[in-house]
Amino acid sequence: MSIEILVYILGGLTVGSALMVVLSKHPIRSVMYLILTFFLISANYIMLNAQFVAIVNMMVYAGAIMVLFLFVLMLLNLSKENEPKSSLLVKIASALAGGSLLLVLVAAIKDTVVLQVAEKVTDNASGLVQNLGHLLFTKYVLPFEVSSILFIAAIVGAVLLAKRESQIIE
Amino acid sequence: MGKIEDLQTINGEGYQLSRLEHVLATARANSVWPLPFATSCCGIEYMATMGSNYDLARFGMERMSFSPRQADLLIVAGTISKKLGPILKKVYEQMAEPKWVLSVGACASSGGIFDTYSVLQGIDRIIPVDVYVPGCPPRPEQIIDGIIRIHELVKNEPLRRRYSEEYKHLLHDHNIETNE
Amino acid sequence: MQSLSNRSKVVSDKPMTFMEKLYLPAILGGMWITFTHLFRKHNTLKYPEQTKAFAPVYRGMHVLKRDEQGRENCTACGLCAVACPAEAITMVANEREQGEEHLYREEKYAEIYEINMLRCIFCGLCEEACPKEAIFLTDRLVPTEYERADFIYGKDKLVESMDYRIDITDRQSTGKRTEK
Amino acid sequence: MILATVFESGVSIQFYLIFATVLFVIGALGVMTRRNSIILLMCIELMLNAANLLLVAFSSYFGKADGQIFVFFIMVVAAAEATVGLSILVMAYRNARTVDVGIFNKLKG
Amino acid sequence: MSNWIEEEKSSLLKSNQNEKPQLSKETIDGDIATLNLGPTHPATHGIFQNILRVDGEKILSSEQTIGYIHRAFEKLAERRPFNQITPITDRLNYCSSPINNIGWEMTVEKLIQAEIPKRVDYMRVIIMELARIADHLVCNSVVGVDTGALTGFTYVFQEREKIYELFEEVCGARLTTNIGRIGGFERDFSPTFHYKLKEFLRTFPKVFNEFDSLLARNRIFMDRTMKAGPISGERALEYGFAGPNLRAAGIDYDVRSMNPYCSYQDFDFNIPVGVNGDTYDRFMVRQEEIRQSLRIIEQAAKNIPEGSFKADLPDFYLPPKEKVYNNMEALIYHFKIVMGETPIPAGEVYHSVEGGNGELGYYLVSDGGRTPYRLQFRRPCFLYYQAYPEMITGSTISDAVLTLSSLNVIAGELDA
Amino acid sequence: MLEKLILVGIIFTISLVIAMYATYFERKVAAWFQDRIGPDRAGPFGLLQPLADGVKMFLKEDFIPRNSDKWLFIMGPGIAMFTSLMTSTIIPWGPDIVTASGNIVLQVADFDIGILFILGVVSVGVYGIMIGGWASNNKFSLFGAIRASSQMISYELAMGISVITIVMMTGSLSLRDITEAQHGMNWNIFYQPLAFVIFFVCSLAELNRAPFDLAECESELIGGYHTEYGSMKLGFFLFAEYVGMFISSAVISILFFGGYNFPGMDSVEGNTLAVLGVVALFVKIFFFIFVIMWIRWTLPRFRFDQLMHLGWKRLIPLALINLLVTGLVIAFTSGWFN
Amino acid sequence: MSEFTLNNETVLERISTHFGDAILSSETPYDLLTLVVEPTRVHELIKFLKEDEALQISFLTLLGGIHFPDNKRKELGVNYHLHSLIHNFRIRLKIYFSIENPEVDSIVDLYVGANWQERETYDFFGITFKGHPNMTRILNEDDMDYFPMRKEYHLEDATREDKDDRFFGR
């Protein structure tokens, strides 16, 4: 099954680039790998027939949030040299902790029985814009509005924080 | 430095460019992007050359590259003082191979009337010059003439000339480091 | 400060009108102007193919004139060299020998006469200084060269040939020499 | 147009469960190992994305769009978190000249 | 001075590329970077260097280095006879060489107290005003180019080309004209000149208005240039500004009306002044000056008196060639003048003309010798370029670029 | 599947060739506006000029500044090129071509979310410039990169909002649906002139074209983000700009000028319609490429703060008002208030 | 303002009443009032000219040095050209001092524009201006070791090769 292979390859690439985010020494490269990861996750969404989420993921994460990260990194001009390093002990400890977390989670998930999987819906339309839009503006209209308030709060907070103190005093 | 006959000797296997090389060199000659290092009067005449009446664009040269990385031809127009010399040299070093130098006007080529303590008596003391344009300042016609000469050089230059020992020697003579 | 001249005129105090604040009218107006130029005849001199006549008094390449009988006019008085602000003229004078009357008009002549065209600023002072209507600047251009040495113009390049005489009659400072 | 999707293949939802878990753990690992606070924020984004992936997978397999709606809300939160987090970082950086997470210890006073 | 300037300068000159100008330590320490505007930056038309200290796009301070094309004019002038100095003055403000030439000639004429015929005055006025137009056209079109509008530049350059043709018709060269002699011109205006001048006066206003309407009232341009690089009139005077840059600050000091030379008192013209002394005012003042210059040229061309194109100065003006060829006395005078052996009075004289950039002065000290004992130029660019750091502090890099081009700093005049 | 691959190939080739000749066209147009001739010595009428430039760039020494981040330095132009080519996939180039074995759709992929895809890819396009500018380790490049990225992010918003009005009118995000809704002369420009102006201005800003070319403006930043780039890497950046110009002209034509629709299209059908439709679309595209160049060679550029001011304080409010009014009108016409 | 017209006589008179002892000589070559002044008093005098209500000679036209090698003890000089824009009156001040100790008061505190002119004068003649904020070379290279405008130094660049001086006494 070619699609199957495609899905697995995508998964593998995603995990690989996510790993590189953590392993890269250079912060800018971490950002680049994270962008790549987001792209690959978007591809996964498309495979899951969630086109709208895929493209929004790309726009929001890759197009906006990561630009912000890159921007900050550029402005602070962080290079490989002044990258703070954690001690080997911490690294080993956290690797062990991470490994055991993975172990526990996988063990827990392995035998999960997923109920009520829809019958192979090949013409699944749940990811289409119309469907989502309808749901968003009926069932979830309150959270939707609340999220906009959250956004405004975040913007105001960010602007206030990023302004220089002297300018605030003025 | 840059006579066409010199190119013949540099290219040991005989002067004949292969057909492909010829096509490539001709293409290259039609897309020489200038870096105008215009310091004084000649710079104004260079501006006139860029203008509508003489239109350097016909040679595919209206795309000025103020960044030395993108330029092929260094047009030195105007007086170069001793204080400015190192900067000119640095600009030359920053340019990517292949690069050519056109020395426009009396001041750049020889110092002109400024035989004074502060003026460099010709830029060929610090960088290799391919074509000299006389005049103070030269007419736009003369500048175009010089550019056509440069084009001739480009058209006849084998691709491997820039890797030849002679070329390295030439740069060495002018104390120019190339590996950037 | 009070007005110093009583004829001042304030030119920049007009505030922007509402229409100007809208950006668009000026932008469209500007675009209309450029658009009309689309259909205008270009104003370019295609230089190597076309040439433009210079003013008759143009100060270009020098010529050392001969007189009607083909004798060199120059008497090597050295005024041109003295008058040259760029100090570009060098000459060696020599006495005319017996039997050379058909070559040189005066008793003295310039054995070597060199102009460094790369130094020369084409100011025309040599022409003006010449008392023997020997040196003239013409409306020809000095060609560009690859080598610096090629710009030392000796008598071979400067003296006009009798087969191809250079017309300088339009130059107002020529004057007339009445034969003695 | 609908592209060829997972549903035409035999990939089960278990795969996405494991896949998302692995991504989540990688994010967690990053949080634990790295000391650059900007990268920490990035790893948190990664963990959020792992959750998103699972949500989308379930929503698709169940044929219900609600999961995808939640993804949007998570994105909103993530965006807000990133902006505020980064501005705090920039502030902290201005004062301490480092992006080491250790600086936040000083906040304890 | 602090070491960032040194750092930046040395990084510029190091011929080894290892130390390419990079974000210095200070960037990290204070969100402040140094930025090297020049010497070969496209905005520095000519060669001079500004090392800016910037915070983001905002300029905190700047330090200038000049002298990159210092050519020792004043020393050179001490070694050349009087008539050979004219070609040197060409290269001061090379955008308007004829003004420099004629200014120098008038200085010598003042020294030897020569009587100049009215016709020569009018001829000089025509030539000088043409040169002023050419100068202002270069400056204003370059302001346009620096704001990104290249097309206006090409339109007015076609007209400037016509001015060059006019110069060529008179003296035989386009840019470095070496026009005129001590005592007048080397030849009269030819019929072609008159024809071409008429043609120029006919076509120029139309093209010029096109250029004007491309920029002058375009909001993008106005927003860009207004409040960019302002200077108050009082401050400008302290700095010794003159010419369009001073007039843009509201002070109508113009040598042409204050100390009329060359019969400028005969002509009716206005002196445009600005209000704020910012880039827009400088631009507008120059635009209006071009119109006023056209007015002057029209008046001069209409009223030009008949007469000789040269003064009667047998000791300084070369005798006509016919006489030199055929007349012994004329030949002797000719030799004397060329060799620079005519008697020159000792004394000192200051003369100034309104150059393209302001009061262009010549302080000539003569000891009666063949060459000037000391010749000092009052170079307007040199004086007002000092004010540049003050004008750009607090504004953005874009403003700094525009301010630089609207000041019309000519490297030849700046560095002498 | 094969026909799709062929289509992809054709579209890529066409965009590259058009981008290449856009450089030539740009130089010629500039020359015409300025009473000049423009390139005329490379081949007849200078037609080989882009090829010459290409060859030159390929043969130029390909160096990487010593202090730069090599990996990212190479990636920058690559990303720029890739993202600008990506967008061409969802553009409907014309009506279906009818063949014996069925219809060939002249569109690589008709996503349900078409216009969002374009916005998404465009928002990613900023990385090329940002990374390129940062990796060069040159202050002017960094300035260019920062300017470019803040400018592109700011103008994306107004662009998106202005597009939403079109989406509201059509009821679909798919570009094909939007095109189909403008059958004949029923173009959106007649209903949404303001949205068009905003979209057009924003796409100029997204393209970094004059009067918004602050990221690379010669007189201030030398070359901006590509100051340190030479040879083909520079070529990629320039290429990306011209491909972007081509694609955004296509998007403008589709969103506001009916795409492949043309007046009187009902009188033809079948393959004639397809061919004429493609021609109509390309005529519109070329017109907009010309207009973009026309603007570049006429207008002065903004200053950075003025640009931000225009984006945030003028265009976004305008776009929002436009959106509101459109919404009200749609609500009235569809009878919500009855 | 009173009916005080500025001409050479009145100005000289007015200056003499305040600075009678500082003026060494006065003349009017080519109708320009020229005063030779005591070097130590020149700053004071320029300040007076600038601030005097009646004179208002408040525009510095030109400042420059001059070198007379044969004037023993008075080898170096500085000239000031001042201009009263309101009255359109020009005046020239000259000071002379010995080459051993070439030091004068700077007038940067009166005229900002004098800054570079004084630096230039220093660069050319080696005249130091006391109180100048940045007394360094301006046009020539920083490491130049002589003052080129002094009469004893050559104009020519010694490296010129293409000149043949054997003829015509140059």
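Labels for the chains are A, B, C, D, E, F and G, by order of writing; each one numbers its residues from 1.
Throughout what follows, contacts are C-beta pairs under 8 Å (C-beta built on N, C-alpha and C of every residue); 3 or more make two chains touch, one makes a residue touch a chain.
Nothing here was measured: the structure is a model prediction, and the numbers come from that model.
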item: Subunit E and subunit B - chains in contact with each; value: C, F, G
item: Of all other chains, the one whose Cα centre sits farthest from subunit F; value: G
item: Cα-centroid distance, subunit D relative to subunit E, in whole angstrom; value: 64
item: Inter-centroid spacing, subunit G versus subunit C (mean Cα positions, whole Å); value: 39
item: CA centroid of subunit D to CA centroid of subunit G, Å; value: 73
item: Where subunit A and subunit B are represented by their mean Cα positions, the distance between them in whole Å; value: 53
item: For subunit E, residues that touch 2 or more chains besides their own; value: 17, 23, 28, 41-42, 67, 70, 72, 75-76, 87-88, 151, 154-155, 158, 176, 214, 218, 220, 251, 253, 258, 415
item: Contacts with 2+ other chains: residues of subunit D; value: 2-3
item: Sites on subunit C at which at least two other chains make contact; value: 1, 4, 27, 30, 33-34, 37, 42-44, 46, 82, 85, 87, 116, 118-119, 121-123
item: Residue numbers on subunit A that touch subunit F, as the complex places them; value: 26, 28-29, 32, 35, 51-52, 55-56, 58-59, 62-64, 67, 70-71, 74-75, 128-129
item: Complex contacts: residues of subunit F adjacent to subunit E; value: 30, 33-36, 65-67, 137-140, 142-143, 210-211, 213-214, 217-222, 297-306
item: For the subunit F and subunit C complex, residues of the former touching the latter; value: 31-37, 40, 294-295, 297-299
item: For the subunit B and subunit G complex, residues of the former touching the latter; value: 82-83, 110-111, 115-119, 121, 125
item: Partner subunit F, residues of subunit C touching it in the complex; value: 27, 30-31, 33-35, 37-38, 40-44, 46
